[in-house]
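Structures given as structure tokens follow.
Below are two complexes that have chain A in common, paired first with chain B and then with chain C.
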Partner chain A sequence: MSHLVDGEPGSRHLMMGNEAIARGALEAGVSVAAGYPGTPSSEIIETLAKAAEARGLYVEWSTNEKVALEVAAAASFAGLRGLAVMKQNGVNVASDFLLHLAGSGTRGGMVLIPCDDPGALSSINEGESRHFARLVEVPLLEPGDFQEAKDMVKWAFELSEELQSLVMLRSVTRLSHASGDVTFGALPEGQPQAAFHCDGFVLDANEGAVMSAPVDYKHGQQHDKLKKAEALFETCPFNTYTGPEKPEVLVITSSACNLYSREAIKLLDVEGRVGLLKLGTTWPIPPRLVEKHLGLTDKVLIVEEVVCFLEDQVKILTAELGAQVGVKTFFGKRDGSLPMVGEMNPDHVAAALAKILGVQAESVPEEYAGRAQEAGFVGAPGRELTFCPGCPHRASFWSIHNALELDNRKGFVCGDIGCYTMGVLPAGFSTLKTVHAMGSGTGVASGFGKLGPFGLDQPVLSVCGDSTFFHSAIPALINAVHHKSDITMVLLDNSGTGMTGFQPHPGLPRDALGEDAPAIDPAEVCRAMGARVEIADPFDIETTQQVLLDLLQDRKGVKVLVLRQICALSPEKKGKKLYEMTLDQEVCVGENCGCNRLCTRIFRCPGLVWDHEKQAARLDEVICTGCGVCASICPSGAIQRREVA
Partner chain B sequence: MQVFGPNELVDDVLKRDFCIGCGACVNLCPYFRSYYGKTAMLFPCTLSQGQCFAYCPKVEVDLDALSSGLLGSAYDGSPLGGVQEVLASRAGEKTGPGPFQAGGTVSALVSFALQTGRIDAAVLTDREGLIPVPRLVTEASEVATYATSKFTAAPTLAALNQGRRDGHTRMGVVGTPCQVTAVAQMRLNPLDKKDFQDGVGLVVGLFCTWAVDTRRLAALLSERVDPRGIRKMDMPPPPSELMVIDTGRGKVEIPLDEIRPLVPQGCQICPDMTSEWADVSVGVMEGTPEWNTLIVRTEKGRELVEEARQEGVLVTEAMPETNLGRLRTASLNKKKRALVRAREKGVLNTSDDGSRSALRVRDEVLKRILG
Partner chain C sequence: MKNGTLTSDPYNLIIAGVGGQGNVLASRVLGGMLTGKGYHVTIGDTFGASQRGGSVMSHIRISRDASWSPQIPKGRAHMIIALEPTEALRVLADYGNPKVQVLCNTRPIYSVGVICGELAYPSLEDLEKWVRGLSEKAWFLDATNAAMKLGNPIFGNIMMIGALGGTGALPVDRQDFEAAVSRDMSPDRVQVNLAAYDMGVKMVEG
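Entry: the complex of A and B
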């Protein structure tokens, strides 16, 4: 880590893309960085937080992405360089402020870095942030390798100041989370000073009020900025062409697809036949540069991930330039050469290129592929997504599931984003029945809770993580309270932003910099709203179920059950057992009537294993965290727990 | 009787809405639980045979198999089942006072059986508000605490199953006809288990025409009665047509027309009014509220009644023939209604075909009952 701050200019380091981005921000002299945790973006803020003291930065994990963008924008308004970081769907959350910020313009360099997740490797959507750049009309940059990830961040701040506009720089999982060589530049000297000048003429971009009105004037200015950006992009060194002077096919690409395209061209051994135009500036695209390359050939393959973006821009430009560049044949997503959904990879690109060039593309020999498939089918054990051993969510969903079954009125649970999303799977006993955006479980529940007059008589529950509560569940809960919606919200409080790596949130007594911070108690917040609030330990299955059943009987208004138990992986808890567990295989009822493998067939904590030989359950002591919950569910008393002194 | 597993139990009983929540499947395993008058299956179980199915009184109950197994003869459909003697009875001087529904015969016999060691625990039914709650009682003095009729279907047998797990070997069960049927099936060791112990020392059956669904009764009464204040519930004999609830602050009367729709489907196909598979059966005695009707069915029942009488715990008299006639008629009428209803619903099996119904009875017996 220390090389991040101490690394000499000119020295080379193997870095994760997100670390390279953070180093770029340090080289740009960023003063304020704010974000909300979300894979694949989280390491950028974490890395900057570690450098904060040495580099005099202010870094925070904001309550949500909109607030993060607002916090970073304030730095820009005060003349500092501000950075906001989030995952793709975070931009949706921030988008209202984003539109206004694009309109109001900025002062100090202001950069928004969204990290998209094509293929949804760590998401439940493969949303796109690129289209926001076009929608709110701000320049968009996309690094095509790890060096660029660093260098373009620095340039993004400079561009932002030159244009007095927010600049978006988009990364993707394979860039953020893969690693490559990065050569460092210099870190700036001195501490910039903040001042907000706001007493000047209202239309003065540097001294007046900061806002997007008068709209005609400001919107016009914004277009002038984009024209200027377009002109700057014509000569931008991050737009590169490699390949022959007269290629048969021109590939136009950006971002991680640059790496896939390069690999595919090499794989097919067609370097002499294919030209590669890699754009680092993808909105607005530089028209003269693209025109020049369109003139090289009639066949154009556009390689990009998820929703067509570059393909649209290039086609529009080609239509506008019809007289100059002539008719082109386009290959890409719209003609089916490349898949419309999921992550791009070298095989996809190679297959598309091979089809266009009429060559064989065989990335994996057929015989090998067949054997691998066979071996996988027979040999690989089924590994479904599940909660960790000792995860409080498993215990919580066990109780919620059982309470709803006992209650016997077809109650259901609305959920949202977190590890607890897996409540929709057998890991959470398929308890969740709706899953949408952060905080949406409670919002959707609030709506269900008003459908009584239309005949909906099923109990309505929502689940919500502690970080999600602050992020976006509070307005939903207030809505439910105010409208007397009959719902029970179960707050799965595992004391941190568990899924993304225990980043602090407003409920905890420390901030991103590790400093003391006033903790806000969600239970008190809910009480202040007027909700009935109960608190239980999810590891105490008996009490949790009783409280839930009681809340389900209470038909009036909003009830909140806070299930408080720290995440099994959290640094404070990891390796510390509450109980020493034992399992007596002689007592275990096994597959017989009276149990039928409840613990290994239904509960399925990975710490419990079915011993085929002994026809009994067995403890995996290596991964058992000693939460003690399985002792509560074992019907025969075979599993026992002894409190660790 | 062919024994299937939990999946068939769900199909035949829960999905057909025949479950009356007797508790026979509860506390046998982690899957079936009773809450607020309803039995729920928490998770799927994959076994092809299970105690849950074997004991349930609403899967296909083979009346011949029961009769042969317990009484040694085929089911003949006689109105009161196997009978040694029908008596009028009430608690004797030696039985303390209680909040009895009628003559206190049940409390007298059960506490006497506990005192004399005939049984090592009693499986009874308590009430928390309107919710019937099973109780396992080992002190004779506690028995009378749980006297009085509950009128709502109760998971009483959950306590029997728990008692067996806890090591009780001769429990006295007080139950309604459905519960007594479940116990009867249990005692026949339907899964042919080695070293099987039914844990039952005595079965005291109650008369029952029908019960009401706990949740639906609670919903009906929620506007009129505070369930926590309910002291006693009663349905005075015809022609009152009322359910009377003693709240401690006066009596609330609910017309039976409002109550009858709350009777579960499972009660409507029940052919047993007098708990025919019990050792003794007890009910009210028409026109004489201080006395009970007592049917002595088995040798064990006869010995208990005899000894209780000698000890002054129980007083008996001969049952007037007119009362006996009316009892037979009422009991036969319940059989007729149930069998007709079961036939209408397509859950009456009179042959040996493989389909799973709710009742199996020979065609000739069916004809005899329906006249």
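Entry: the complex of A and C
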């Protein structure tokens, strides 16, 4: 960690892409960085927070991505360099302000870094952020390796100041969460001073009011900036060509796909036949540069993830340049040479190139491949995702599931984003029936709660995490209260942004820099809205279920149950047992109990193992975290708990 | 180069395990050992669902002079370090080839499907047979049990790095390990990690 700040210029370090991005921001002299946690972006803000004291930065985990972008933009308006960081979905959240910021222009360097997740390795979508650059009309950069991840961030700030425009720099999981060699540059000296000049002529970009109106004037200005960006991109050193003077096939690519394409060309041993145009500036694409390379050959393969973004732009340009560059044959996603969905890899690119060139990649012998597949299938039982041992969510979903069964009116639960999304899986007893964006569980529930007059008579519940509550559930809950929607929101309060690594949120008494911060109690917020609020410990199964049943019977408007229990993995909790647990295999009657092996077959905590030999449940003491919940579900009394003093 | 060169460039190594086993730390330590010697290293980690019982995999590309893709092409691994035995098979299915070598920790970690009795976990004899049949050379080490003697099963991952050093498959040794961990760890932690490394070396020498 220390080399992040102390590393000498010219020294080489193995860094995660997100760390390289953070170092790039430090080399650019960023003053303010704000974001909302989300995989694969979280380490950028975390890394900058660690460097904050040494480098004189202000870093915060904002309430949501829109606020993060607003906070970072204020720094730019005051002449400082500001950075906003978020995962792909965050750009959707921030997009209204994003459009206005694109129109208003910026002063100090202002960069937005979205980290996309092609293949949805840690998401429930593979939506991408690149289209926002085209939609709101700001320049877009995409680093093609780890060194560029650092260097392009620094350049993005310079570009932003030259154009007086927000610049987007898009990363992906395989850059953000991969690691490679990075050579450091120098860190700037001195602390920049902030001042907001706003008393000048209204249209003055540096002294006037900051806004996107008058629209015809500002929008026209924005297009002038894009023209200027286009001209700068023509000679940008991050756009590179490698390959022969007259390639048979031209590959046009960006981002991590640059690394896959390079690998595929080597793999097929076709360096002499394939040219690789790697673009670091992908919106707007530099037309003369692309035209020059389109002139090299008539076969073009476009490699990108996830949607056709470069492919569309190159095709539009080719149509415009028809007379100069002639007819091209395009290969990519649209013709099926590459898959339309999912993440790219060297094998996909190699297969596409092999088809175009009529060559074959060397592969493992068929006999071996068959045996390997079979051994993998038979010998490696699947690893279904589950809640951690001692996770409060398992206990919460157990109670919600049971209360709905007892209530017996086909009640259902609307969910959203967090570890608790797994409530849709057997791990959460398949309790969730809708899952969409952050905060959407409560918004969708608010709608369901108004369908009574149309005959919908099922109880409606939503679940929501504590960080999600502040992020975007509050407006949904206010909507439900104001419209007297009959719903029960269960707030799964585990005291942190658990899924992404315990980043603080407004409900906690500390901030991203570790400083004291006023904590806002979600229960009080809900009471102030006029909701009926109850609080319970999800590990107390009996009370939780009673309260839930009572809330389900109460048909008047919005009810909130706060289930408060700290995440099992949080630094405060880890390794601390509430109970010493014992399981007496003599008392457990296994399949003959009549409980249908409730603990191992249904509850499925990893700490409880079905012992085939003894035909009884067994406690794995290494895995058990002593939450005590399973003692309440065992009808035979085989599982016992003793409070740890 | 102090000692030896790469048998292939890039040399493709995969460390596979289950969330919580220290996969990412192991790949970082090995990466640090190699960058310390001037190699170009690219690591592609797959994590995120790691804390929740899922499989975790790190692809490590080692080269004299270039950075490579963070994903190894299918069937192109030179060495697989499996922190859990069934994960060795899972990786071999996609990245194995007749020349691959495998270092395998024999301590199973049961998935929820196995725990609840829905899925069967293979016997260690079968696992060994399959892995040997799919590799040029394989080592089976009880690293977790040995690590527990050092006070924490997590040292199993460092023991596997020691075992890798012991095989001589890569041009790295104890000194490189010591240099790499000394950069990030306090002196007392360096000592216990060195002990784990040495135990790993012995396991493949025996």
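Everything that follows uses one rule, which is that the second predicted complex is superposed on the first by the 640 of 645 C-alpha atoms of A that agree within 3 Å, B and C clash if a C-alpha of one lies under 4 Å from a C-alpha of the other, contacts with A are read in each partner's own complex, and residues count from 1 in each chain.
In this text, a residue touches a chain if its C-beta (ideal position, glycine included) is under 8 Å from a C-beta of that chain, and two chains touch if they have at least 3 such contacts.
These figures come from a predicted structure and were not determined experimentally.
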Inset, instruction - Mind checking the superposed model to see whether chain B and chain C fit together on chain A or clash? - result: fit
Inset, instruction - Please work out whether A:R642 is in contact with chain B alone, chain C alone, both, or neither, and reply first, second, both or neither. - result: neither
Legend entry - Which superposed partner A:H612 touches (first chain B, second chain C, both, neither): second
Legend entry - First (chain B), second (chain C), both or neither touched by A:L549: first
Legend entry - Which superposed partner A:K574 touches (first chain B, second chain C, both, neither): neither
Inset, instruction - Report for A:R527: first if it touches chain B alone, second if chain C alone, otherwise both or neither. - result: neither
Inset, instruction - Please indicate which partner A:R288 is in contact with in the superposed arrangement: first for chain B, second for chain C, both, or neither. - result: neither
Legend entry - When both partners are placed on the shared chain, which of chain B and chain C touches more of chain A: C
Inset, instruction - Mind working out whether A:D407 is in touch with chain B, chain C, both or neither, as first, second, both or neither? - result: first
Inset, instruction - Figure out whether A:C593 sits in contact with chain B (first) or chain C (second), or with both, or with neither. - result: first
Legend entry - Shortest CA-CA distance between chain B and chain C [superposed frame, angstrom]: 12
Legend entry - Residues of chain A that lie at the interface with chain B and also at the interface with chain C: 601
Legend entry - Contact set on chain C toward chain A in their complex: 18, 27-28, 31-32, 35, 40-49, 51-55, 67-75, 86-87, 89-90, 92-94, 96-98, 110-117, 119-122, 126-127, 130, 133-134, 153, 184
Inset, instruction - Would you pull the chain A residues touching chain B in the complex into a rising list? - result: 401-402, 405-408, 429, 549, 553, 591, 593-596, 598, 601-602, 633, 635
Legend entry - Complex contact set, residues of chain A against chain C: 1, 12-14, 39-40, 121-122, 145-147, 174-175, 177-181, 256, 259-260, 262-264, 267, 345-347, 350, 363-365, 368-369, 371-373, 375-388, 419, 422, 427, 569, 597, 600-601, 604, 606, 608-610, 612, 622
Inset, instruction - Would you tell me which residues of chain B are touching chain A in their complex? - result: 28-31, 33, 35-36, 38, 40-43, 45-47, 49-51, 191
